[in-house]
Amino acid sequence: MSDRLVSRRGFLSSSAVLAGTALAGCSGGSASSDDTIKIGVLEDRSGNFALVGDPKHKASMLAIEEINNNGGIDGKQIETFSPDPQSDNQRYQELASRAIREEEVDALWAGYSSATREAIRPTIDRNEQLYFYTTQYEGGVCDKYTFAVGPTARQQLGIVLPYLREEFGPDIYTIAADYNFGQLSADWVKVLANENDANVLGEEFIPLSETDFSSTINNIQEADPDFVMSMLVGANHTSFYEQKASAGLEVPIGTSTAMAQGYEHRRIDPPAMANIYAGVNYMEEVPTDSNTQDGGFVDRYFEKYPDAPYLNEEAETNYFSTYMYKEAVEQAGTVEQPEVIDALESGISLGSERAPEAPEGETIELDGATHHVDHHMWVMRADDQHNVEAVENRKIPEQFLSETVGCDLREEVETTQYTPVDYFEEAQ
Amino acid sequence: MLTCTDLTVGYGSTPILRDIDLHVDEGEVVGVIGKNGVGKTTLMKSLVGLLDPTDGSIEYDGTDITDLPTDERAKAGIGYIPQSRDVFPDLTVRQNLLVGETVNEDVEELLYDTVYEYFPILEERADQAAGSMSGGEQQMLAIGRALVGNPDLLLLDEPSEGIQPSIVQQIQRDIPEISDDLGMTVLFVEQNLGVIQAMSERCYAIERGTIVDELGSSDLTDDTLAQFLAV
Amino acid sequence: MVNGINLFFQFLDSFGFIVLAAIGLAVIFGMMGVINLAHGELIMIGAYGTTLVANAGAPLVLAMAAGVLAAAVAGLIIERTIVKRLYHRPLDSMVATWALGLALTQVVRIIFGNSLSGIGLPFGAIRFGAFSYSMYRTVLSVVALALLVGAYLVFTRTEFGIRARATIQDADTARAMGVDTDRMYTSTFVIGCALAGLTGALYAPALSIVPGMGSTFLVEAFVAVVTGGTSVLLGTTLAAGVLGSADALFTNLYGTFIGQVAMLILAILILRFLPTGLSGALEDLRERIGGEN
């Protein structure tokens, strides 16, 4: 690593005289040498989000290794800048600045939580840095430089909530983590409940530090809903599932957060996760050919990382988005960021004819207008042995920005996050 | 029983005690007298091991204990009654005595009978917090705490300081008696003339950190003592 | 909605959690004046020991004993190598134990990865009407009470406990009475660490086993010790009772977030108006009543 940095600096100083003008402007330009592309990958390998962040890092490295072994992007090898941000938003801000100003990365992947994304987005926007945010999230980010390629709450809840409404009945109780992701996800539950003739009986927001759920369990029992929607987040909240099982609460639970990210069904003893339905674009058990066949995504991941505990939802997003970037660079014929963004906005599609780049389904399409992805969504159910099976799947496009807000980044440069409160009465 | 040779104690280049030569025979009750600040308490602390001498040696019961840790000196039979008593204030009277037992984990019989015979109040007030007792009562407790483990040598640091006269009277009568009964050796430091006369068989006089005189029992007159004590 | 039985179980849960979070810290801080910022990591070690041994197939009780032992051994090593040199240097010992806590978290992460697969909660549920409670968490509050009584008896009734307290009150005099004060310090520290390990062992089935799990307990632990005040065991009991009540009541009325807020506001009020803490205030009250008689 240090060798590379030294040689790179050597390159910079020797070419400075010739390329002075190109280097003087900082942002949009690229400082990579002619035969390499530099990618920043800031994913948590320690701290609070390590459990979910580590697979993201690993999957990025897998994609990069595969691409490099197959001749790179347009013949250029990919180099990485990937220090561990340790789940610390301040560190993220420092490292994002460093990636952009000192490392001069051609594209940046960074961050697990929405709080992290919002902490670094001002830096990203100020520097007009091409940025991929790969976590499933609350949705609504309409940002010229950000490609939020994970599924949104509306997509995730949009597959699981209607399914549970159909199977179990109309009454919903919502529990969610008490920060922007949880609050906005709960708003989406209300919007979707309205669209599907369901009612939200009550909602409860729980601090991330909380580990005691006895009152929450009581409140659910008192409300007696047909199913619960859970958007709990992080290691502390995992206790909810064990406690509700121990307390004998047997109501079905729909979730956009459990199992697919933190693989609770592998970590905790059965039957705590029985009858939990995850609305996801991907988890290790998703039964597509490109995912499960011999030599498929799962095989390749565990061949590279035999000791890895699980291949999670966000790992797949990091993986395919790296290929998406490859497609865009090749289409643009350059790593210059404005041109690459233009190429991405022309719509990139990864699909079965180009497998293995779309493990979640037949095809994945990037919507150039909103910088979001039309995902293939699944409802995955765990049984009392914690075996996971798919009970429903279909393609769900991003709808909020494209249909409700009318975000079109090809026409207008924006850096806004829209929230459902401004557009839906029931979210107010 | 106890011999100090050239004992020098102090910090840096200013010794508090210089070249102390002192000897106590078994069964003797010996006083060390002197005014405030001449180094009496320093002497006691270095004998128990709470201060390390910079020079010289301490011999106890035929062995050199100069480098022996404090708790092991206690277990070897040195009982200590600190200046201003230093009872454990939050412990009860009974618990204070129990700490005193520590020295005697498996050696000899405990002396609860003797302690309660001389200081019956310690049995009556067994469950009272030591910190809530009067100074005199605390002094009796401190003596009881040192006695209960059946020491061979008792070191008393100014037993009369800050205590009501009636209890001083009792202590100066009891200590020699206990020494006689049990064959216990006693070394005490004191500046109260009455106590010195009542208890000492002989005594050493200290001035400015060094022994200036040794007085036999016949020398313990008011006039002789006064020159070492009064201002 | 406030429901008497719900509130009662809620209180038991909060009380148990606060006591178990605080007790190891309380013993080490109260008895030795050392603020052990690696407290959470010792809890984590107890939980890891328990989980690893249970996952290897041992019965839960045996696994918990292993967790306690692991924390006690860790405590012994920490005391002999680091804390021993830092008695009577509270700031230095805080920095050292804090750094140690960070290092322990990272070492555990390197060795065991980002999480261990957990062990299920034993016992099942207590049901009444439409409601049910995890039996195990209710049992924990009983264990917490038993631990308080046990610790009280050890420090007031046993020779060891009395010598340990004598050492804390006046180490020089205790040494002159034959007490091996170094050993007392070591033993007290190890007991505190073993209690932290027990907390980890008891909560191992109820929590996610991740390297940073110790931080879950820190707020309650420090708040309870600080508001408890001068007399540690009594203080911890009172703090857990008072803070647990506030937490249970407000959680029941307005949800977990308000429960936490109420608990911390109450802690601030206690510190503002009762500078000697809850136990100090109780002792003052007792003296005042005693004085009037």
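The letters A, B and C name the chains in turn, as written, and every chain counts its residues from 1.
Simple rule for what comes next: a contact is a pair of C-beta atoms (placed from the backbone, for glycine too) under 8 Å apart; a residue touches a chain by one contact, two chains touch by 3 or more.
Remember, predicted model here, so these are calculated numbers, not experimental data.
Colleague: For this assembly, give the contact graph shape among line, ring, star, complete and other.
Modeller: Topology of touching chains reads as a line.
Colleague: Which chain has its C-alpha centre closest to the mean of all protein C-alpha atoms shown?
Modeller: Answer by centroid distance: C.
Colleague: Find the geometric centre of each of subunit B and subunit C from their Cα atoms only, then give the gap between the two centres in Å, rounded to an integer.
Modeller: 43
Colleague: Need the CA-centroid distance for the pair subunit A / subunit B, whole Å please.
Modeller: Those two chain centres are 77 Å apart.
Colleague: Just how far, in Å, is the C-alpha centre of subunit C from the one of subunit A?
Modeller: That gives a centre separation of 38 Å.
Colleague: Per the contact definition, I'd like the list of subunit A residues that touch subunit C in the complex.
Modeller: 46-48, 50-51, 54, 178, 204-207, 209-219, 221-222, 224, 235-236, 238-239, 242-243, 245-249, 266-270, 272, 307, 309
Colleague: Under the touch definition given earlier, write down the residues of subunit B that touch subunit C in their complex.
Modeller: Residues of subunit B touching subunit C: 48-50, 69-71, 74-75, 80, 82, 86, 88-91, 95-96, 98-105, 145-146, 149.
Colleague: Which stretch or stretches of subunit C touch subunit B in the complex?
Modeller: Going by the criterion above, the answer is residues 159, 162-163, 165-166, 169-170, 172-181.
Colleague: What part of subunit C is in contact with subunit A in the complex they form?
Modeller: 1, 3, 6, 9-10, 13-14, 17, 106, 109, 113-121, 123-125, 127, 130-137, 205-213, 216, 219, 251-252, 255-257, 259-260
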